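Pasting a structure here, questions to come.
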């Protein structure tokens, strides 16, 4: 029995420009199950970061939650006021960010920053909070944790800072961890360390992870299930193996094909022509149609998300199940 | 949003208006204000007087300063052998009497039983010490020395008699002995405590002793209980507050923080008069104001032009309008308080036609421009200069008013002849004798005389210095003033009238002609 | 081994950044050894890749070759001429032949210049005085990189990342250089755009016979794009080899670890990872001996004291590691290689 | 950095969306979004217009004194109803409104020319200091330190007692003092610009140093120069007033707001209009330049520390 | 750190030395003190020469400068021409008042500007922002002498709440401080606002928000704490210039400060006082800047040596 820890329903997020609403995230729905790692993949501007920020109620000024709902078994996020959000943030859902160099406040010690999280959600003494912070640092594999507790962020390397961020995020035992490009800014060898760590912690703590990334390699490494986003919409949702082995959506296919592969010797990479349309100039039909190699008449109309063998695809090609008709 | 912002703009305007207009409006209409300000704000100040002054001398040693600001306060602390009454009559001071033994020797009988504030006795030694110091090394460092350089020495006859030996005849020496560098100082105190201490802690024989001096802030004088004039002074304490800004000084007066305001600006007179508990007192001063001509510069080398300018300017209108009547017309560069003033001479009348004619006669081209230099911080004179410029433009001269900082102007520009065609000069003549003014202004080579030269004037100036016969001198001055009137080395404007604003609780206060406040008779309600 | 004059030969190149201190702020109190004795050569028409993690000195190497940074020591032979000795104006003129493409397509274009001006600028600098000639060349090169004529009158902010990178390439290309240093040209781009740009660069290489030095941290891109690859670590070149050779059998432990750290390209492909412990040390205070020894999983005693040098272990394959050269010296080489 | 920051996205969107609308609408929108900037702009335009058109809009000669019409109240506040002057007259009988209108010229002249001088000096020194660095930078910055450690008013007094007073001297003193602000600002920006890849790129494509400074650095610091310049104009207008207050200002015939205000301060309680209107004129103009500068800064360089 | 301090002190010495040169020679350009001192009397040529010799003004300029410099090393600024007392005493006499006024002005500006700056950054683009900015800009839109006079008329003369001048007690400090503070507050508010806006865009603000702490904790603890650096820099710089630059306020409120002392001294050509005063101010100013620089490391742990120096 899989347990849903989070359900996103027709979430629509966008900017409200003088009554003119421009959606950045256009009515996406998905669920997150307990203990799984859900990957959200897509290129810049596809809305993946906005999706993750809406889960935290941290949309930047000017961006509004337009429609839809996010809920857990006991909460409806749409109805939240400031207080409610604060109770959820950190406690139920925690987040780590892309830039470890700037996601820690430079003027406070590491210990203080972890303790702040604990103290704001739990009724513990400062000493207890400090002990827990130390414990967390050990958990995320920081060498000399006692000293690091009293050090400032600038004294740590990028990889160490990302570990600290993870320690902060996990310090109140959240059910859900949102990791927004957690390794993008890190070097390959450090990235490997962090990914190892996240895997290990997930097993240990049984939390669910929403991993937002543009790197299909990281997805392959980490995720159980993957959502592929394009221009504010989900175009494909699949188990990770299916995504790689039985790629369905033309966009996903294009994406995979354009990756250089170490094992493969090709002189040219295949690529997707054109660029992502701007949110206020979205094609009326399928949003990928202008760049799609398989575009046909039907694509003038926006396709729904079709269920195909446990995956979901937003493409007319799959209107009749998995019949992969090339037109 | 836009609506809000326009409201805000309006609010800002209102704010600015409130800030300026409303703060004053309450006092503009006299009927309203006399009601409103009827209550005298001074309540719990006992037998004490507070006076607001604009500056203080920084140094109290009589031989080191030569400033009106010094004499305003120091007159209450120090006394000279001779005294000058509020009406400027000479009267005995620390000396009971004096007589000329010969042209160059004056004998003084000193007052007995007088003590300095520190308790040491006043006697012939003190007098000798004072003049030895003034004429000695210490005195030569200061500005007073040159005022008394006619004195040779002081000889002690007995404890209460001294002879003043002069090097040359000096017709105004007695007047000079009434104050400034010649006030008597305590020998023992100075010798023991040193000159520097004396600068800040002056001791004299006057009706008040200085008990506290906070530089640039306040000077506290307390009653000298041993003062030799019976029953005086009446006040227990006098505080001088240093408030340079006139508007602040007036504010202090209006709020009762001070009782007497010195140097009321003409523009403030109305406000004072309209305030029920205040009184405006005016007094003529020896200070004359003129726009002096640099006669070395064309076309002012021509007497006709100088006369024309004198005809062209309506001095009466200036006095009436800009000075609200607080000024007196003058015919030469001296006030009617000055010895040597010639009452028969009437100021050049306002006659633009005559002026134009003279200009024409002198062959000055229409539109010739003249530089007029005035100090930048003299608000009143700025207005006057502009009025003058207005009048001169009527006769076809163009005027450029230039400002300079006052000190630069007095100490550098005027002496070096760099102060334009005409420049403002105010001159007090502290001896109240035209000698002081005329000699310094017209004698060739003097500091403040960059260009004026006239043989007859030279001769008369020397002649009046060579006699102590005041009748004789008066005659010489009469001739001199007539010559000067004709030569017109300056555009004589007016002699100043000083304004004092006084809280009505102050009794018996009489404003002095020459800034030297006399406070011993003053009392308060 | 055939003696062929390389297009570019770098010998013992060093770039130290001084850290100033002392009472006057004039004294050099220490040095950051951004690159410390790098040597390699690049043949006409090939693509030489430099790969390494941030701070290893790969970008500094690229910029020092172009003398955007003045080398502290070492020789740079370009077409047989040591360009490290040229004076500033000679160097300026030589830049016609060596060009650079930068990483950040947002930062490398002057926001206040139109695309046309940006592309045209090298021609002005290299004294092509004829306006119409310049115009012709701009249109030509714009066409080659896939920019339309209309786009030339717009400002960079109107373009997406990929398009901007095309502008950058056009700017580098217009002076008809012989060598292009591409400093992380695609790492700021999305995958689909990245492949477009890489394909374009390859096309241009074929068309004009360009030589590239391709600097990147992305091992798969480097593998795809380059012929020979040098791996850098902490200011030093630790291994140079042909790409297949390197990717099949890296010799240096660092190169080995780096390759193993690559995320797998398929979820089922589970790799045996070498997870390096710790972080890259600071170049201002590099470890003694082999700079990699504190993190090395094959560290020997001598590694802690003796600094290895880059030496060939076979034709076209050099490595800087005691494991191999020690063997050589002790005549146990054959066994190891 | 692969994904765009959300803010950037939005920003780009705004830029793309705005020009499509009609001019009137976008102007309206601009006012709505930047009421402060709009007010600032309006006030600045008003004052510039007043300065340019003084001859035509001033009802009287600004220098025409007449002792017979001293301190006449504004026509709408005159109980006797005799006043022919909209804002009354000053202490020498000149029309206040005309003087205020002409005063705009003086204030703007001091502001603009003072800024021009300090801007030119400061920009050159800042560019040199920031771009070439090393001892030249040290040298210029030490001079800046010295300049900063010397209180402005004192500097002005010393200079004026040497050179004399007058409007040109004020302008020169302001220019010679305030270059430091420009120099420091530009130096800082140049130092960070130098690290920008497009400057590196400019060198890589063989640009001479002069060309790099002129074509690549200068245009990119211009907006900050503009912002600081606007703010300094405001400051200079006030400083002229302050110097005049200290007796170091312009000649009294010249209708300068500072002079009008300083000379009429003692009339505040008796002839309130003499001080009120020049005061409002200064306030509105200075406020206008400040609001405009503020808005420009927000628009071009929101992180600028001025 | 110590090396840094020594380096900065060395720079300070250089700057002070340069200022000593500058002030020494420029004050001598303003005019002759002897003519000012003797101007009221009937100075003879001999008297002038005598006085010059007494004041040491007859020596060649470089000798005079050397004497001045020699005194300077031992903090002996010489004796005032006018009062005869040591200049250092005159300065110390005023130092307290000057300091009090500067601190008062800074405090007022902080009290006004920081809340306005923070609020208008947090509520960017709203009415609060607009109002806050306009309000704070009003402060710098008045000539300060005008503001001072108006404050006196309103609060002292009309409302009779506060004294208009003098130096008797803390209530005397209020109006001058407001006059000074209003001018600063506009600039400071602007600075706080832009610093806050910059900081609020940083990732660590998102981190802080993601922890679920209250908005104000985010704003004050995380954002403002980081925006403090430019704020402190500004206050430091202003504090320095307030010491000598508050001349007008000092004059209006009869505040016995160093600015007025120096101005009076310039008017009297009292060279030693001008020299001493200006150098004293510049020392204080450079010193305050040094303290500000050093305080950076307290505010921002990243800055240990402040290599880049002052902003």
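Going in written order, the chains are labelled A, B, C, D and E, and every chain counts its residues from 1.
As a working rule, a residue touches a chain if its C-beta (ideal position, glycine included) is under 8 Å from a C-beta of that chain, and two chains touch if they have at least 3 such contacts.
Nothing here was measured: the structure is a model prediction, and the numbers come from that model.
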Most distant chain from chain C by Cα centroid: B
Contact-richer chain pair (by C-beta pairs counted) among B-E and B-D: B-E
Whole-Å gap between the CA centroids of chain A and chain D: 49
Computed distance of Cα centres, chain E from chain D, in Å: 22
Separation of mean Cα positions, chain E and chain C [Å, integer]: 52
Set of chain C residues in contact with two or more other chains: 190
Contacts with 2+ other chains: residues of chain E: 30-31, 130, 134, 138, 149, 153, 251, 266
Chain D, residues touching no fewer than two other chains: 1-2, 7, 12, 35-36, 39, 157, 161, 246, 262, 265, 268-269, 275, 279, 283, 287
For the chain B and chain D complex, residues of the former touching the latter: 1-2, 4-5, 9, 12-13, 16-17, 19-21, 23-25, 27-28, 246-247, 250, 265, 267-268, 270-271, 314, 317-318, 321-322, 374-379, 382-383, 385-387, 389-390, 400-408
Of all residues in chain B, those that touch chain E in their complex: 1, 4-5, 8, 12, 15, 19-20, 23-24, 26, 41, 58-59, 61, 64, 66-67, 140-147, 149, 195-196, 199-200, 214-218, 241-245, 247-249, 251-252, 254-255, 257, 405-408, 410-412, 415, 430, 436, 439-440, 447
Chain C to chain A touching residues, read off their complex: 53-54, 160-163, 190-196, 198-199, 202, 217, 219-221, 223-225, 247, 257-258, 261-269, 273, 275-276, 278-280
Chain C-facing residues of chain A, complex: 43-44, 143, 157, 159-160, 187-193, 195-196, 214-221, 223, 240-241, 244, 254-255, 258-263, 266-273, 275-276
Partner chain D, residues of chain E touching it in the complex: 11, 14-16, 18-19, 22-23, 26-27, 29-31, 125, 130, 133-134, 137-138, 140-146, 149, 153, 186-187, 190-191, 194-195, 197-198, 201, 230, 233-234, 237, 240-241, 243-245, 247-248, 251, 259, 262-263, 266, 278, 281-282, 285-286, 309, 311
